[in-house]
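What follows is a group of structures, each given as structure tokens.
Common to both upcoming complexes is chain A, partnered first by chain B, then by chain C.
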Partner chain A sequence: MSTLLRARDLAKLPVVTFGGEDVAQLKDIVYAGNGGQVTAFTLAGRSLFSGPLKVALAWSRVVGLGPDAVIVETQEHFAPLEAILADDGVEGGGSGHGDVLGSQVLTDTGTAIGVVSDVIIGVTTPGGLADVVGYEIKPAESLGRGEQPLLIPLPDTMSASGEHLVVPEAATGYLTDDLNAFGAAVDAFRTQIGENR
Partner chain B sequence: MQWWVWLIIVLVVIAVLVGGFIALQSKRRSGGVVITDKSRRRGGSA
Partner chain C sequence: MTLFSEAAGRQVVSTGNAATVGKIKTFIVDPTSQRVVGLRLSKTPNAGTVLPWPSIHSFGADAVTIADEDLIVEPDPQLAALDVKQHSIIGKQVLTTEGRKVGSVVDVDFDPADGRVVSLVLGDHSIDGTTFIGVGSYAVIVKA
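Our next item is the complex of A and B:
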């Protein structure tokens, strides 16, 4: 199984070139609604007075991703997000559907199970794939699991868009609060629904 | 008013404006997790 990272842990990571230059920091994580593959990161400047940058970093240009920095070869590989998404085959330049943090999670039987507080990303190897494999949710009262955040696995062939995120009812059987055990939960869930990776 | 009172007022206004701008930019730098359009071109690389 891949290394699992919380999206919030990636936010604000500095982007450093091979030359050691600290050229930007991560802002948004952009992923495909039909499969969960991370396609790009939007960027922001590093100084106190900087705002968002007009360019983004394609996942394919990431050389290394660690707990303290993202390594790229050179900042010349930064490109407008629309161009990166168009290269990736996203129709219409991928205007996006907004931030999923705070979105309601529903099962396919129509039960609200909570609100997304973070997104779990599985990174296979440097230069490999990064996929959204689960959500961290603030559980709904109806779930009867208290207020501690829970992790819920997603199918590999998920489809997500809009303000509500729909997950299979079977995923609720694999809820856990332990990120270290979550990789096994994702594998077990995907095996159950016939999606062994 | 004395000249130094005006000086203090100007400095305070500048400090508030700069502080506000820095706070605004800090908020704009904070990120999230964004879903892109789920429809894809035919033949687009996945």
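Our next item is the complex of A and C:
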């Protein structure tokens, strides 16, 4: 089963070891490649005045990521971010996240459907991936769907620049405002465009 | 099976001189072996307050029997490390390895024959003791 989470809700999530200690909390999400997958998390200390930690948490070391905590076996698995990215063969910081927020979403037929307000991550654990499966958007007026944020499924691969994100027209058929129903929408959409996992 | 809440306060009796040598105060649990490894006692006759599980003769319904009061000792470093507040289970939130909170521990059910943790009682439901992985200051961790 895959769990869907908003990237915004992940910030400050406690990192808890098998020993039941909260040893850190999530700070930022580091995406790999074109921003389609989570490769690591930067960390901050748990106490009020502790700043960012010098070590990060590789996705491959995450045992579980849920709404209440990130579970790791031990904090010994934390490593400097540079080392994690080198191991994963990721070049540079891969900070697709910051660039995506505020970008305009266009369909491949040229209709603007809204502006990205959050990233939806689908998690399959154990041993699975943390995949960017959709965006939460502030809908464009022309869409006629009101002002409530909507969720739009993404294909596994897509093109993005700092300015625009282009999604297949078919994705607009799966717009929903319900995160609980969104998993089915992503699966249905990816099946339709022929790239279901 | 016996609950911590039922067994707390039970008297500990020495079969050597038939004297009451203490009362169960708290349980010392080792998450690695998923067992009760010792009892912290109150009202003991000497300086020692910990009864290691292997020293128990019988964990009975009305009393815990031991051969001699000298078996109640100062905890060795390993027991002492488990017998601190951050390792106490009762009242702590329970997180699964999938990062989901499933409740808080209200009570623990254990097997008085061997100290095995049978289940963690979370109020409205119980969790199989074999899923118990660890306990620390933040949470009890169970396998999803």
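One rule holds for everything that comes next: the second predicted complex is superposed on the first by the 179 of 197 C-alpha atoms of A that agree within 3 Å, B and C clash if a C-alpha of one lies under 4 Å from a C-alpha of the other, contacts with A are read in each partner's own complex, and residues count from 1 in each chain.
What we mean here is this: a residue touches a chain if its C-beta (ideal position, glycine included) is under 8 Å from a C-beta of that chain, and two chains touch if they have at least 3 such contacts.
Everything numeric here is computed off the predicted structure, so don't read it as measured data.
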*Is A:Val70 touching the first partner chain B, the second partner chain C, both, or neither of them?*
second
*A:Val105 contacts which: chain B (first), chain C (second), both, neither?*
neither
*Partner chain in contact with A:Ile137 - chain B first, chain C second, else both or neither*: neither
*Going by the touch definition up top, name the partner, chain B or chain C, that contacts more of chain A.*
B
_Partner chain in contact with A:Ile120 - chain B first, chain C second, else both or neither_ = neither
*Does the superposition put A:Tyr31 against chain B (first), chain C (second), both, or neither?*
first
*Using the superposition on chain A described above, determine whether A:Leu151 touches chain B (first), chain C (second), both, or neither.*
neither
*Please indicate which partner A:Ala7 is in contact with in the superposed arrangement: first for chain B, second for chain C, both, or neither.*
first
*Which partner does A:Ala171 contact after superposing on A: first (chain B), second (chain C), both, neither?*
neither
_Is A:Glu21 touching anything from chain B or chain C once the two structures are fitted on A? First, second, both or neither._
second
_Show me the chain A residues, by the header's touch rule, that chain B contacts in one structure and chain C contacts in the other._
none
*Within the complex, which stretch of chain A touches chain C?*
3, 13-14, 16-22, 63-71, 125-126
*Once bound in the complex, which stretches of chain C touch chain A?*
86, 92, 95-101, 133-141, 144
*asked:* Show me the residue ranges of chain A that touch chain B in the complex, using the header's touch definition.
replied: 7, 11-12, 25-35, 37, 39, 42, 44-45, 48-52, 85, 87-92, 94-101, 119, 132, 159-161
*Provide the residue numbers of chain B that touch chain A in the complex, in ascending order.*
21-22, 25-26, 28-41, 43-46
